[in-house]
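Okay, so chain A shows up in both of these, paired with chain B first and chain C after.
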Partner chain A sequence: MNMALINLSKKEIHCKIVYYGPGRCGKTTNLLYIYNAMNNQARSKMLTIETKGERTLFFDLLPLNLGKINGFNIRIQLYTVPGQIIYKATRKLVLKGVDGMVFVADSLKVRQGKNMESLQDLHDNLLDYNLNTEEIPIILQFNKRDLVPTPIPTLTKEELEIDLNSQLNTKVFEAAAIKGIGVFETLKEISKRTIQYVARKHLSTNH
Partner chain B sequence: MADLILTQSVLDKTKTEIENALIKAGVNTVLLIDEAGNVVTACKHKTCTLDTTSLAALAAANFGVTAQIAKLIGEDDFSLLFHKGKKDSIHFARINNDLILVTIFGENVSLGLVRLRVAELAKTIEKAFAQIY
Partner chain C sequence: MDQTNKNPDPEDFARNVESTIDELFCVSRQIEIDPLTNEIKDLSQDKTDKGQGFQVIDQREKYPEEIKPSDTIETGEPVEHIENTINEKILESSSDLEHEGKDTKDVNLEQQLSQLNQLLLTLEWEVDQIQAVSAKNLVETILKNPEIEADKDLHELLSLMIRLLEGMADHPEKMPTFSPEVLKRGLDTFKNLVWNEGREPGARKEAFRSIKKELESAIDMDISEIDREISLKADSEHHIEEVDELESGAKYDAQKNAQKEKTSNLQGHIDNSIPETNIQEKAASIDPELLEHSVLVRAVKSHIKILDDCIKYILPVEKLLAQTQGMEKLHHFQQNIKNRLEEQKKILGKALKGDYEPSSDMSNYATQRIEDITIEIDKTETPPVSTSCPWNELLTGQWNQKQVAFIPEHVAFAGPIPFWAKKGFKNLKTFKLKKLKTWPWTKIQPMMHGKLSNRKESELIRLEFPVLQKSISSSDQSQLSNPTLLVLSNENKGLVLMLDTPLESISITPEYSWEPSTNNNGQWVGNLGIDNKQISVATLESLLNTLPNE
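This part shows the complex of A and B:
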């Protein structure tokens, strides 16, 4: 199975970044915010396959152009997966060829179990492709932080860290994707790590 | 697991082969994509304004889905898929573990010709890519 696609003829590198997380945690909301905030030159059309109830049925796809490194055009494709547990087969398909991942966690207290279940599902699916989160860049986004001051019961940052980051030990961003808070910070960091990861493997060597 | 690195020579050769086998036979568009949904190369007529990025992502997903359907009925995979439209039709063929050839053609080209040419082309492309894996 391939990962990044490097086109020496067009001098392009294509990377695939997947937003993973439990159902209704805000993966599509992240992509929509990015799409609306980017100018037309940098973005292509956003592709969404939704079911009637706003849920992502298959995936959302947002292709972005991120400029040049060493004369290579960097093209990134952002994908989401359907979070609902029944779509396991689909999630696995979308992970095919992944170069970087964002795990979006839901800050709602009632979703605590779903977050952990989804992270375990990610580990299992990666393992089926002989991948792991130590090799492929992954960062965490704690979403819906705007709900913390409201009466709705939410998880503290520390609780989320213990549940999700004790094993990953990666960078965390707090976000309120619906308002755009933390969305670009997350995207910047995962893009940087993904490109470094792909470049480390290839651009230093002579092809 | 390796990344797919496309060299100029392999890409040029592949493009020429696709042009000769399919585009010259009247086929509208041919995309060579990988299973992750990346466009490896696209050959199309100048007037065509197709969104190849979306098409590649959906075609890869489509292949993945039918592979799961295949497993449900006890097959490993369906190596080719065909969707018939009113004017244009689309044909998908697996080249190797990673590559899928997508052919879009109108009424002026027969399915039989596409199948024949794609089968020959698949072998040529498989050989060309064998050097870069």
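This part shows the complex of A and C:
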């Protein structure tokens, strides 16, 4: 069950988008980039609780405000989850009520297994909430593509597609979050998909 | 749009949302983020000078609604100069590096250091033998750089890192948890020493001393435990050899002295020096004993403790074997081992008090051992079967309208069946384990328990076990709220069945009554009873007995 907060009397719609992925893949970097590069008008303060080693301990939260559209105040809340294996319960908690997801994959070859583990973890958590990845909007971001020309071993786009997109068959964005490449493209796509999904599901039933 | 409508038209709404998103969600200033420190670099301010003038945003804000509304940049947070790290340089394109006119050697070193940084980050995440070896090899490669090799401090720093990585590769489970962080700091210090040659010598020395201390303490903690174990083992082996040598040495000395006395007597010049020599020789032979006595005592005490531990491990197994039907041979074998260990313990205890007598059956050990293995138990002398349940814990579930218990060691998998495998299950004669995959790239191995969890993925996906269907066909699968697929496995045998409920663990307390089955070929090995409820206990073998032969 999705949990977009829709208050028809107050004409508010709040959607939750979660950035998921293995540890150190760039989830927090995505939000940091959005927070720092975006116009103040659309964004609120970013909440981030991190460990000493710049790892997300609980979650990051970045509220974005689309303002009033068709009489409705639309707010999108971007969340990230901690990627480390030990925070499985926290990830599940943060996923509760999700309306849209971005799966951020790490292009480093050494992280290939972790990408797939994390996707499986996402799938398991969604099942626990009786959510299906076929229903809920999800897109993929292949991050750290800036490392491809360096000597550091990286996965090709095709390899990442095979690993992660053979069943999802969803849109993929190549990114280098530290430079902002692909970050806003990803954000726009998932935001549109999520709002469309929420609007179709909730506004059409009440129409 | 019809303003009297409570809700907007979804299509129109979505269109408006999309255009708003396109308008609002865009870059208003060019920035870059440092991947290690998350510090923000404003590119619009820093077009000409790449290395200076970073603005630091404090990311530790906790309550977005409560703090001041304006951005920290705008309120003029202090600007700090952040050292331009090697990693930032690597993340720029290689063409930029060329344009800056860097030396090829420097570029190679930068790339190596960047690669090392990634490996250390991976180790920080999870200590893996392969990564540790890769990191170690890379550090060794960097060390071969003539300029680095020539610098004593840099050479020493990298050598310490190599040692720590070696320890990590050999015994990843014994390394202190802060070792990867120390290695990371070592790398950072190395970079600073290499790239900031203009630094004050005093500051340089201090930085080097500090990291050297950290690395050494990590190495000491990492390796000392392993060394201690190895040396304890080696010491005790060495001491046993010394005991033998001393015994034979003492005998030899005694013989030698006796011979010398004889010779001197025969020759007729009994010189005071000879008895003195004898005494001196005896004293010389005694002195090593005295010196090593305390070491031997420690070794013997350590052995007694180890024997004690071994006996403690054997006791519960022996008890279980005594109660398990068909385990008589093994029980006798275990008992024999236990008795021998107890005897050795007594002998060593006596030896500590100066009364050493080797075990009388040592020479016949091999023969005795063969006898143990081939010994035949007279069936009439079989100890009576215990009336208590042989297992302390069982897993129960509903199957075929009965409450059934299974042995935990036989349960390889118990969980919901993937939907594509559910269809037609009741008509299946065999079940392929690869059907347990929820997604094509899911691995089965992590799902397995017991012995199957030690098998390779490639073996598991080829396994196929017979299905034991319920005999009572009235229970419709679709009506079950929580059907559980159960895979039992032991040695090379396996069986699959569908339970009506998930498994629950029960501890067999004395309140349970136990009635072993009289039929050796039946489906159940016995029945547990408690509070007027009955639970039939099955093993893999007993269930396999009931499969129809084809």
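The rule we apply is simple: the second predicted complex is superposed on the first by the 199 of 207 C-alpha atoms of A that agree within 3 Å, B and C clash if a C-alpha of one lies under 4 Å from a C-alpha of the other, contacts with A are read in each partner's own complex, and residues count from 1 in each chain.
Here is the rule we go by: contacts are C-beta pairs under 8 Å (C-beta built on N, C-alpha and C of every residue); 3 or more make two chains touch, one makes a residue touch a chain.
The structure displayed is predicted, hence computed values, not measured ones.
Classify the contacts of A:44 with the two partner chains as first (chain B alone), second (chain C alone), both, or neither.
Both: A:44 reaches chain B and chain C.
Given the touch rule stated above, what does A:159 touch, chain B (first), chain C (second), both, or neither?
neither
Given the touch rule stated above, what does A:29 touch, chain B (first), chain C (second), both, or neither?
second
Using the touch definition from the top, say if A:63 reaches chain B (first), chain C (second), both or neither.
Both partners.
Where does A:96 make contact in the superposed view: on chain B (first), on chain C (second), on both, or on neither?
first
Name the chain, either chain B or chain C, that contacts more residues of chain A.
Counting contacted residues of chain A, the larger count belongs to C.
Identify the residues of chain A that lie in both the chain B contact region and the chain C contact region.
In chain A, positions 8, 44-45, 47, 61, 63, 207 sit in both the chain B and chain C interfaces.
Enumerate the contact residues on chain A facing chain B in the complex.
1-9, 14, 16, 44-45, 47, 58-59, 61, 63, 77, 79, 89-90, 93-94, 96-98, 129-131, 198, 201-202, 207
Which positions of chain C touch chain A when the two form their complex?
1, 5-10, 12-14, 16-18, 20-22, 24-38, 40, 57, 59-65, 67, 69, 71, 90-91, 93-94, 111, 114-115, 118-119, 121-122, 124-125, 131, 181, 438-442
Name, in rising order, each residue of chain A that touches chain C in their complex.
8, 23-24, 28-29, 32-34, 36-42, 44-50, 53-54, 61, 63-64, 66-67, 69-72, 74, 84, 108, 110-111, 116, 120, 123, 146-147, 149-152, 163, 166-167, 177-180, 184, 187-188, 191-192, 195-196, 199-200, 203-204, 206-207
Given the complex with chain A, which residues does chain B contribute to the contact?
Interface residues on the chain B side: 1-8, 11-12, 34-38, 40, 51, 53-54, 57-58, 60-61, 64-65, 68, 97-98.
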